[in-house]
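Each structure below is given as structure tokens.
The same chain A turns up in both complexes below, where it pairs with chain B and then with chain C.
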Partner chain A sequence: MSESEKPLKAELTVEYPFTRTTGKVIGAFMTGLREKRLFGIKRSDGSVLVPPLEYDPITSEPLTEMVEVSQSGVVETWTWIDPPRPQSPWDAPHALTLIRLDGSDTSMLHAVLAGSPSEMRTGMRVSAKWKEERVGHITDLEGFIPETKEVDS
Partner chain B sequence: MTDPNSPPASLSEDVKIPESISGLEPVRSVRSPIKLVYDFVPSPPVQEYLRSYSKKKILGHRSPVDGAVFVPPRGVDPRHGVLIEESVELSDRGHVGNFCVTHLPIPGRDDLDIPYVSAWIHLDGANVGFLGLVAGCENDEVHIGMRVQAVWKKEEELGNTAENILYWKPTGEPSVPVEKAGNRAWDQPNE
Partner chain C sequence: MNESHNFRDVAVVSVASHQTKTLSEVNEVQLMADLISKCRNSAGVTQEEIGFTCSGSSDFLAGQAFSFVHTLDSVGAFPPISESHVEMDGAFALYEAWVKLQIGEVDTALVYSYGKPSAGSIIDVLATQLDPYYVSPLWPDCFSLAALQARLLLDKGLISLEKMAEISKRSQKNGFDNPNAVRSSKDVSIENLMNEPTIVDPLRVSDISEITDGGCAVILATGDKAKSLCERPAWIKGIDHRVDSHTLGVRDLTRSSSAFLAAEKAGGNIDRLDVAEIHGMTSAQELILEKEFCLTEETQINPSGGCLASDTMMASGLIRISEVARRIISGQADRGLAHATSGPCLQQNLVCVLEGE
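Showing the complex of A and B:
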């Protein structure tokens, strides 16, 4: 096959520079991240959603009562990412996890910055690690790190 | 059960902000850019089209059903779901079927001076439009039916890309009547 008959191929990029307005609830969650605090929102049955939602996912009623939750929690499920994709916020291999923070009834997607998958297990306890410079974005949380001591739940 | 005709609960619903952050400037927006990088491999008809296009030849596909000509060629007549194998070479002249004057910049397209005119160019012998820029005249002179011809890149800059035509410029020929311009005369035979 001659050079001119090889299939044509081109690298294409689709890119959108979105800025999203947050509204009061998500805005308060993001403001909390900037201040090294984690907030959820209370449902009418008293359970807490983290991250907070503006409306109840079951009843659709507006939710208004924001509450602070712990910066530590339990890994509910995880997968090891190695290597991260080029656009990942994390350069080093890490675990992508669902973390249920103490005081929350739902789990939140974030990274656990463990050195290797052998340090990971479902049910392990982790704590938030914050960036020095924070702007009010989910990436203000650098990730979660394993708590050195296991605590019985 | 909520009355479906009642307005949705107001977004201004009073949210109880925790005291620890209630006095602070709240976050009102977040940047969430998205980016997808991928390899594009054109279909065989488009490969042939791009190779010809780099030699200043515009290929179309003629439908076996009614002779309608599509450009760029896609290998099928999408109206009838039949394969097309007959290529035709089209003129690099045509007329403006529809156009739009854009006053806002596109991120990443610093080469476009605003306001610019984009248009569906209906090439002579084609039944669908071909997207391009119109220049070489004042923007307010552009009109539906205006006859135009391609201004190609320099020979050494031509390539297997969709970017070989810089823009379309007026020819000065009499305009196509509006009622026959673009797809407005789809049901009428090619002249």
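Showing the complex of A and C:
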């Protein structure tokens, strides 16, 4: 095929060329993750939402009072992920759970890094396990580990 | 629905749907061209006589921006038509069409929706609808989230594994007479269902919906126009949709309060319901919905088999409406409730109550 007969080619990168800041509430939570700290936000009735939301999910009031909560909590419900989705942060089978941290009135979604489903039960206590290098992202939390095991970070 | 308003009478006058495991060598345009023709022919109308056209589909599922524009080829968009689209299940497109008919400028509407999940990975597509900061980066698939909900119900003693198996059995038996049902069986037993392997603990194979390709088309008409197009129109007596928080951790996942509210506002249980078609992606979700809608033994629930038998993303909700309407139009039922859901763990819910005369 001569040079003039070759089809025209152009590089196309599919992108989402917009940025937005995470704001005072989500941003504060993400900054906390980088510092190995977990924050929630107080509602007008005194209860605490973790992870924090900018507006009250029931009354729609703007929320502003951040409070630090514990790095340990209770598994409210769980399922077993095997194999993990290719895009997910985890390579090994693990539990997907809703965890209510001590000091919080709501639960957050994250993994419990247990070896098998037989180690899982509703109501078990778990503690945060952090990544060595943290960038201010939900995956700075490597997951949670059962409290019977040694917390290594 | 608030009785003090003067709503125009709107009815479903014609329906057509098709679902199958994999639509091979048939694209969305070909699928919908066939269904829309069937629907228009059975009502005896041409596209020129349709006042408004509204569709529901997902660009995320099709992998292409404005993918619904291609599918308009199946409608025939010349001469120019009045048209709209929702990135939602077709049941929500039907709601938009119902509002358009209330405005009073047009008397007929065509509503359709479709999905072809076989071309991609639906469980990953659904992960992208979640909170982009806290949840989506963890890529939880839709069935895992539904499993968290099912375990909460089991732990609290609100349902049992046997009860879930009974729902799966009902679906598979009912689906046997439905050509669109992909998972169906005449003689499935509770024992076999209880012994099925777990897919996402505690959900077994038959506890989760059977993902299929397909689509649905519905024609709506007002008052005398409806009576001229259909011998026994299925009148929309109430339609309402409500939303729970996007954040899973703040909701009581053992309930769907928005489903309850939508049914109450639509007048679901002010009178006997002969039939109910409910939209859940697990047996456990069907149990939640039965409770929220206060359904009793006098109501036949999911005679089509429901989504456990055949679940087409973006069309399953509209198909629930078409299944109830079809039974009213044919005289098999007098009054029915149709439900559509969207979002994780029954977050958004639409209820449509239909009646024959």
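To be clear about the criterion, the second predicted complex is superposed on the first by the 128 of 153 C-alpha atoms of A that agree within 3 Å, B and C clash if a C-alpha of one lies under 4 Å from a C-alpha of the other, contacts with A are read in each partner's own complex, and residues count from 1 in each chain.
Keep this in mind: contacts are C-beta pairs under 8 Å (C-beta built on N, C-alpha and C of every residue); 3 or more make two chains touch, one makes a residue touch a chain.
Just so it is clear, the structure is predicted and the values come from calculations on it, not from any experiment.
Trainee: Have a look at where A:Thr22 lands relative to chain B and chain C in the superposition and call it first, second, both or neither.
Mentor: both
Trainee: When the two structures are overlaid on chain A, which partner does A:Glu68 contact: first (chain B), second (chain C), both, or neither?
Mentor: Touch partner of A:Glu68: chain B, not chain C.
Trainee: Looking at chain A, does chain B or chain C touch a larger number of its residues?
Mentor: For chain A, the partner with the higher number of touched residues is B.
Trainee: Quick one: classify A:Leu12 as touching chain B (first), chain C (second), both or neither.
Mentor: first
Trainee: Can A:Met30 be said to touch chain B (first), chain C (second), both, or neither?
Mentor: A:Met30 contacts both chain B and chain C.
Trainee: Output check: A:Leu109 vs chain B and chain C. Expected answer is one of first, second, both, neither. What do you get?
Mentor: second
Trainee: When the two structures are overlaid on chain A, which partner does A:Leu96 contact: first (chain B), second (chain C), both, or neither?
Mentor: In the superposed model, A:Leu96 contacts chain C only, not chain B.
Trainee: Using the superposition on A, tell me which residues of chain A are in contact with chain B and, in the other complex, with chain C.
Mentor: 22, 30, 87, 137-138
Trainee: Going by the contact rule set out above, which residues of chain A touch chain B in the complex?
Mentor: The contact residues of chain A facing chain B are 4, 7-25, 27-28, 30-32, 34-35, 37, 39, 54-55, 60-62, 64-68, 86-87, 136-138.
Trainee: Please name which positions on chain B make contact with chain A in the complex.
Mentor: Checking each residue of chain B against chain A gives 2, 9, 11, 13-18, 20-21, 24-42, 47, 50-51, 107-108, 160-161.
Trainee: Mind pulling up the chain A residues that touch chain C in the complex?
Mentor: Interface residues on chain A, with respect to chain C: 22, 26, 30, 49-51, 53, 57-58, 76-81, 84-85, 87-89, 96-98, 100, 106-111, 117, 122, 137-139.
Trainee: Of all residues in chain C, which touch chain A in the complex?
Mentor: Residues 123-124, 127, 133-135, 137-141, 144, 147-149, 151-152, 155, 200-203, 245-250, 253.
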